[in-house]
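Everything below concerns the one structure shown next.
Chain IDs A, B, C, D, E and F follow the sequence of writing; residue 1 opens each chain.
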């Protein structure tokens, strides 16, 4: 049984993430979406909220598990018996950072390998931070996040701005 | 009547910015220099100070208007009836970020298009942050900012350091 | 009156070229599409054939002129009183080559300036050489070239292969 | 049953290729190594020779099939019921070209997806053309190609030079 | 007598830094390792601690001097009569930033020139920040820092986490 | 005694090459300019002509030797007791290729190390091939090649075209 992990912050999940999820789920037996609990960042959505948004948008894909994690990715992979890490590549800048991560992870644990998928061109220039910035100015993000969570994202960002 | 916007922080304006301004002013009927009021950054110069420095260095170019803005660039462009956004390209790192911005802005408002000019080679590796850093150590910035505002930049940075 | 030149080989014109043509035609009074007669390459389509394909796909845009040229681009621009060169940017590799051309052209003739438009994401990875290669294997190129010239491209490539 | 294709020229197979083969064979049920018969290039080794060298260096990996192909990769993938194309990424220049291929192949046949593995750092700057060039000057290529085929590569290149 | 400066934060020194130090020490009469006292960053190790770690790992190289500095690098170079600045290049992202620094430094002081060495492939994706991050999660950093300082790095990071 | 080699085709030498030569000659005791006799290319100038042009433009620099070579660069370096290879870096595309060469050369002969200088911004987008192309159309190359060889380059290219 082949298990892969697709790690990320997903703050919030975008149509670009969803594209990678749908395509990589077809390639493995179980796809674990690992939601990173990064204590040095200040996310908009809490980890449980991000897990719930991911569950909502992937509810029709059977072989998926959404799980929060913290610490080193290779440790999480080993604990969950995953042999593949999946990452999306959008652009050159991504690529160098991803290469660094992949090589470092292979040094830390040679049993876990990283594979890359290229993001669909329509979402190639899309990121969670751009979604947050546009939404914070009241801009239209309906082309960037899955329809079913659109209202949740607007509500959350409105609640933050009104503080 | 063709109206273009050249947006930026201009903290402070450099000879690289001035080169882009002079060249793009020749291409359109009205060039609006949009000074971004970015609340999440801590600029050295206030927005009114940056507007004044820009007015000083562009006073001989007739078809220019210097204006502060906040919020989404495409909204500012639409409000001011501009159909072109102008950006300077210095290097690869710039390029990817700019491509992302341009593609996102086109999705948000397809009527506004982005065009790029390549920075003069003499200013290709120049940025406002480098100017601020050199000036903060008392280094010579006369090759980097327009002559007429040189003293203002030194005075400002000296006043900040003496706090 | 602002005149711009959009130079290229157009062997054949693709949907990516057409996107740049439509957008840049809106920015200037006259857009000259300059078809390069490059004697050191072996094109599939002759220069007159390429001019005709371009006329076919741009017939609804009023302020366009299709012209063949050879020699230095800056000389052609000066002769035709154009002050702007338009180039499409698809990717990083493009970018460096384009930067080199733009800087060299500015040194050769500072009156002519180059502006860049970023290719629509849907055509970001599209090139004439890919179109030629796919068509030569009988692959489907209908997503890559304008509909009105699809048959001409297939016919031409079939005639070359049957030699 | 998951079938993947790892396409290439393999003229000759290097330690970098072998690293990708070993790692990707673990991820799928059947790995087809597709040796491209590219009629517009002048290879050193014939297609049957390249197939044999690959068979020699992969003889201990059970789930591998070495096959020559020509024409479009997506057609070969469909014919062999492969749903995954595997490519190695060494560097940025690779990356852009690979992105272009992957996006084009997805447009031609959305059922076949491309995944990328990053080349082991020790082989990151290695290519078949560098191996051929060093060997043609009598340089030492033992760090670059699998040991079992070292003599075959030297013999072949010596036979070409003595013509 | 040729004097060179190899500047950096060295927080902490890695095997990648040590590789550059060993190779560049062979090229000059005196190699000064300049430890930057950057007041706008929050380092893990104090400047004196970083100087001591560097002394420990370079004690067998005779023509080396470890010195802290603050302010502009070109001023430090001039004061110490150094005519060469040495920098390690790992990847593209590095490269653009380094090019900007080198060009700016040459404008500030044309007498000091910058030369680049490419990092050994085994350390190409290694950085002090990755070392700090892995160590903070209790991961194994023995492949990344010199053996003689391994315990010091673990002790320091443990002391910070226990606060 | 430190000996360095600056290898290249120099077909013809440009102001960018001359900038690298002048700066690197200051860093070593002897600078050997190695003119590559590359049999698979069709140069404009013969190897003896290129050697003579280089002698002409470097006649005021005392510690320089101009020499033709063929075969592997590391073999030439070893034969001439050079421990340093000098290369100019203009842009990203250069960088990846140079990195590949430097890493390969280090594998072939670890005693010879490569250092890089960044090309002066004024010549950053200059190459021998651009000089040849502009000159072939009768364009002005006086900003690109040293003054003393300007006439030789024009004469040569005119003689080739009139064939």
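Just so it is clear, contacts are C-beta pairs under 8 Å (C-beta built on N, C-alpha and C of every residue); 3 or more make two chains touch, one makes a residue touch a chain.
The shown structure was predicted, so the numbers you read here are calculated from the model rather than taken from an experiment.
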item	value
Reaching chain E from chain C through chains that touch each other, fewest steps	2
Angle of rotation relating chain B to chain E [CA atoms, steps of 5 degrees]	120
Self-contact between copies chain D and chain F, residue sets same or different by half	different
Identity of the chain that, by mean CA position, is farthest from chain D	B
Chain whose Cα centroid lies at the greatest distance from that of chain E	C
Distance from the mean Cα position of chain E to that of chain A, given in whole angstrom	34
Separation of chain C from chain F, taking each centre as the mean of its C-alpha atoms, in whole Å	34
Numbers and ranges of chain B residues touching at least 2 other chains	92-93, 96, 99, 103, 121, 124-125
All touching chain pairs, where touch follows the definition stated at the start	A-B, A-C, A-D, A-E, B-C, B-E, B-F, C-D, C-F, D-E, D-F, E-F
Residues of chain B touching chain A in the complex	71-72, 75, 92-93, 96-97, 99-100, 103-104, 107-108
List of chain A residues in touch with chain D within their complex	2, 23, 26-27, 83-84, 89, 92, 95-96, 98-99, 102-103, 106, 113-118, 120-121
Residues on chain F engaged by chain B in the complex (per definition of touch)	92, 121-122, 124-125
Chain B - residues contacting chain E, complex	91-93, 124-127, 130, 134, 137, 139-140, 143-144
